[in-house]
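Look at the two complexes coming up: chain A is in both, with chain B in one and chain C in the other.
Right, the complex of A and B next:
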């Protein structure tokens, strides 16, 4: 009995001793994970969670730096104003339209570029380099360069058109042409990013699959639709997620090319947010607009994530 | 080395570095933002003269953006960040009220003493008013401005046409000269159709000429009929081939450059253009005439009040020195210097007839009544929004994306939201 009680007592004592030490020297995996993640989580909270919360809070306020009046709580007033603001609807529609045109556009062009880059060239660097250059160019530079390309008097696009016997187009003097010029520029700028991700995907497809298909007598087209495309799907979905989110935030290219003109016909939601906060200094309304854009991006991301999960 | 000797050296060294830092402390560095379109090169000379008289002050110039909005965007960013690096900034006449409301500028009342009102009386009344908000002097005038009609003296004389006094006469004159010259590069009229600050004046010129006001007593007094007519007037210039098809892409300095290259018969522009038209690189040197802008048929001629003001940043570390410097910049002497060397209109009535000034810029004597009767754009802290609504509407009409009627409707709706 005595020994039994002794043996039962000693381990308990030892256990509590280990518990005391675990906290410092030998933490359980869970505590370790928390400890290791804490700095990153804290940083994220500081640079993402806090600003987002602050943004949402500001969107419920009447806060305009030009009014000379201190901020006051306004409830949903900013959101109510948004509903009958024609420019909000126009810029939102423009943003959606740009997304609907340039995301598939960049996907097709990017896919074609990736397939070309994957061809067995002897010297690979010229192809790879031409893939990288548009991607490495800052967005606003691309916008400024293309604004010159599409300039009605000095632009190379009209020059080529005139040499081919067409009449030049005054690109930025018409809502439709200006929109087309912007979409073309965005597709040029972003398809190389799509191509890079798709190229990485292409290179993971084993050669043996194509050899087997050839033995079975499958043609080039058949190989593409039965092997290449299905195996590329994960890469394509990832590329689409990134591209769609950046498309919803389109700012630099229309800002540098047209400043939203003629009128407000090529202005995007991001530009309208910038205008309300930086130009009009109406931080309350600008924040409300930004919350809407944030919600829009979250919705799209959620849809894509669901798509991946359904496939995975 | 003995200990006392080392100590002496140490003390001497310490004393030397102390005096050096004292001298450094007396040196004030002022950083000044100047709009790139208003001859920063000539302002630099004015700054140099101040430095010569005040050896303890060093002035650095900062410039950027080529339009009023681009500059406002930059300054808005600097000011919202409470950046201390800028001490003095030049502001478009529409902005001192906004900057004062935001608390971004330091009032001059302390340095002007008890008689701030008397001090402001030396300027043209429009500028005393634009720089005073609730009895506080929030900025001091840099120079005055108004819009004028520039014309090619040589071409009008050649074809026996007088400078027009109404817009209809201008159309007829332009057509006559263009038909006779048969030069495909010659534009009849150039004005600002791009969605920039200048386009606000484009809209207001005929609107005011019809005797209408946009804002009275802080309330919107929109006359839709006059607005439609104003849009139509400009659009007709494009449709009749008097103005070029892509006028919706033309900003203030484009008008200046194209006229200077000899491709424009009539141009609506500010006073600064004169200096460049008469410069060495100009194709139209000594071929340029200036008159007041035409009126609508049966209306009064109207011009848009321009001009720029010097403000001292509320976040500056050298506010007192900066204010002293601005007082110099806003003095009659500097005004005269800038009138002679950069063709910037003085904010002082008597400088327009000063013999030295009229020798350099003969037409300034006639410019005085234009400046004195020029109308100010609506004064409201939410001016940026008002401006944006007007200029995008003008731009859309000229590009043909909306009709004058639709534009006037939309404009009224949007203005009501802002000036409610």
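Right, the complex of A and C next:
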């Protein structure tokens, strides 16, 4: 530790350097680093590291707070139950389907929005604000607002459909329509975040590249596919990782729009975890479900990391 | 969506087309919030009229009065506000310290710690619902603000730390050194020189942390079952009408909940954009 303080740029104090409180206020570089990082480390230990260990442990336990029976080791019992549980399969499938629909959906809509927002508007704030508002809106608010949009009697969606001469749809009575409404809402809510990230990427592409392509006679489509898209790739990959991981955790929007209904046809894995934990107080089973979700999101991270590395 | 929209500025730069494109973006972004505002200003009779009206014919604030009297909306607002402010303060304090260590001190494990921070930012907090529920229960923290403040702090810690590291790295070391020659301790120099000079970064990080906390739903729903401790999103979602879902009241409550974040976004829009696009982000 003495060597660390010698290499630091801190000027040495001549007077009272030996007093303990001075040393505490002006410690060696390494001690200081430990002190500064300690609060973050402690918090992460309490809220992430310890809970992860506890999660895996609890998933092998028979732990239901309603039964009053003390926790006992149950081996793979929870996981075996899960395989025979049709609701587990349904909610997992719904989660995967939501991810497969809304992530590419948000990417395409977001890309289109970013390209549109990149035009040279004279006043920039209305467009910037229109991209920020959907991002800042709580997911649960978006769910409630769109539930009102899709209201079968008084919703604006059915109103527009009727004005266009179609029949109104009773969105939340049918599994498929309810699912479609949820996916549309998620895409609306998340595409503006995609657009912001992609827009930032677009603005780093030097204009000169396009001018050079123009000289070489490359058309706009070719410029888009050979300059814009490849240079946007890093921004898109980052946005996709975050979006996919949050899509796997989808809870707020289906909860506020349908509560998982009709039946459990629009319930997600996160909703099933919540139900088992908070409503049924079956912590063992809830943990086993969470381990599955954890594994799913680890797979996503791994796939993306490999993609980044493979294509450099 | 226009498949041919190019990134360079010659095409589509004709003013009417550009206005149209701008209008599409503005309508897409603003319409839902505007629609809920219109809804909140309509009378119950107008809301259930067919065909539905778009603009309110006889604007009324009755729904707002009911929103505050039917349910403890003010209390929900207060809970949300306190949880968001306190977790933002805690996040900023912890991430200022950590970011300073990462930006300024010679750390052998620096890269490892940075990767760990990025890993935490992609961590699915939902999966920890059960163990966090157990921990909060064991610590007797269920139905308190603290049960939410601690996880929310973790939620925003990675982004805030990354933003602050990049800001701190841009502050010349000389300024800090001269403060220390003037008798400041290193910690003193951090809070008297580095943090004030990084004010834009601290602000950006703070806004992101605030919005993250303001928006969170699942943990707030799970940990605080006491209606008096509900945050705004939970309180509004669990509003119970006498028969159907009380849309007039809900829409007014939603507007009340949107306003604080909207004000923040309007004032600090450029900061927020730079913060969102610089560090790792949560969607």
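Please note the rule applied: the second predicted complex is superposed on the first by the 269 of 312 C-alpha atoms of A that agree within 3 Å, B and C clash if a C-alpha of one lies under 4 Å from a C-alpha of the other, contacts with A are read in each partner's own complex, and residues count from 1 in each chain.
The definition used in the following text is that a residue touches a chain if its C-beta (ideal position, glycine included) is under 8 Å from a C-beta of that chain, and two chains touch if they have at least 3 such contacts.
Source: prediction; values computed, not measured.
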item	value
First (chain B), second (chain C), both or neither touched by A:278	both
A:39 touches, of chain B and chain C: first, second, both or neither?	second
Partner chain(s) touched by A:264 [first = chain B, second = chain C, both, neither]	first
Partner chain(s) touched by A:230 [first = chain B, second = chain C, both, neither]	neither
Partner chain in contact with A:206 - chain B first, chain C second, else both or neither	neither
Residue contacts on chain A - larger count, chain B or chain C	C
Chain B and chain C contact sites that coincide on chain A, given as residue numbers	153, 278
Residue numbers on chain A that touch chain B, as the complex places them	64-68, 81, 85-87, 152-153, 170, 172-175, 259-265, 275, 278-282
Of chain C, residues touching chain A in the complex	1-2, 4-9, 11-13, 18, 21-22, 24-26, 28-30, 32-33, 35-36, 39, 47-48, 50-52, 54, 93-95, 97-98, 100-101, 105-107, 113, 120, 122-135, 150-151, 153-154, 157, 161, 173, 177, 180-181, 185-188, 211, 214-218, 221-222, 225, 232-234, 236-237, 247, 250-251, 254, 257-258, 261-262, 264-266, 269-270, 272-273, 276-277, 280-283
Of all residues in chain A, those that touch chain C in their complex	4, 7-11, 25-26, 29-30, 32-33, 35-37, 39-40, 43-44, 46-48, 50-52, 54-55, 58, 108-109, 112-113, 115-121, 125-146, 148-149, 151, 153-156, 159, 162-163, 188, 190, 192-193, 196-197, 199-200, 202, 205, 207, 210, 220-221, 223-224, 228, 238-239, 241-243, 245-246, 248-249, 251-252, 255-256, 270, 273-274, 277-278, 283, 286-287, 290-291, 293-294, 297, 301
Chain A partner contacts - residues on chain B that touch it in the complex	69, 72-73, 76-77, 80, 98, 101-103, 194-195, 245-246, 248-249, 381-382, 384-385, 388, 392-393, 395-396, 398-402, 410, 413-414, 417
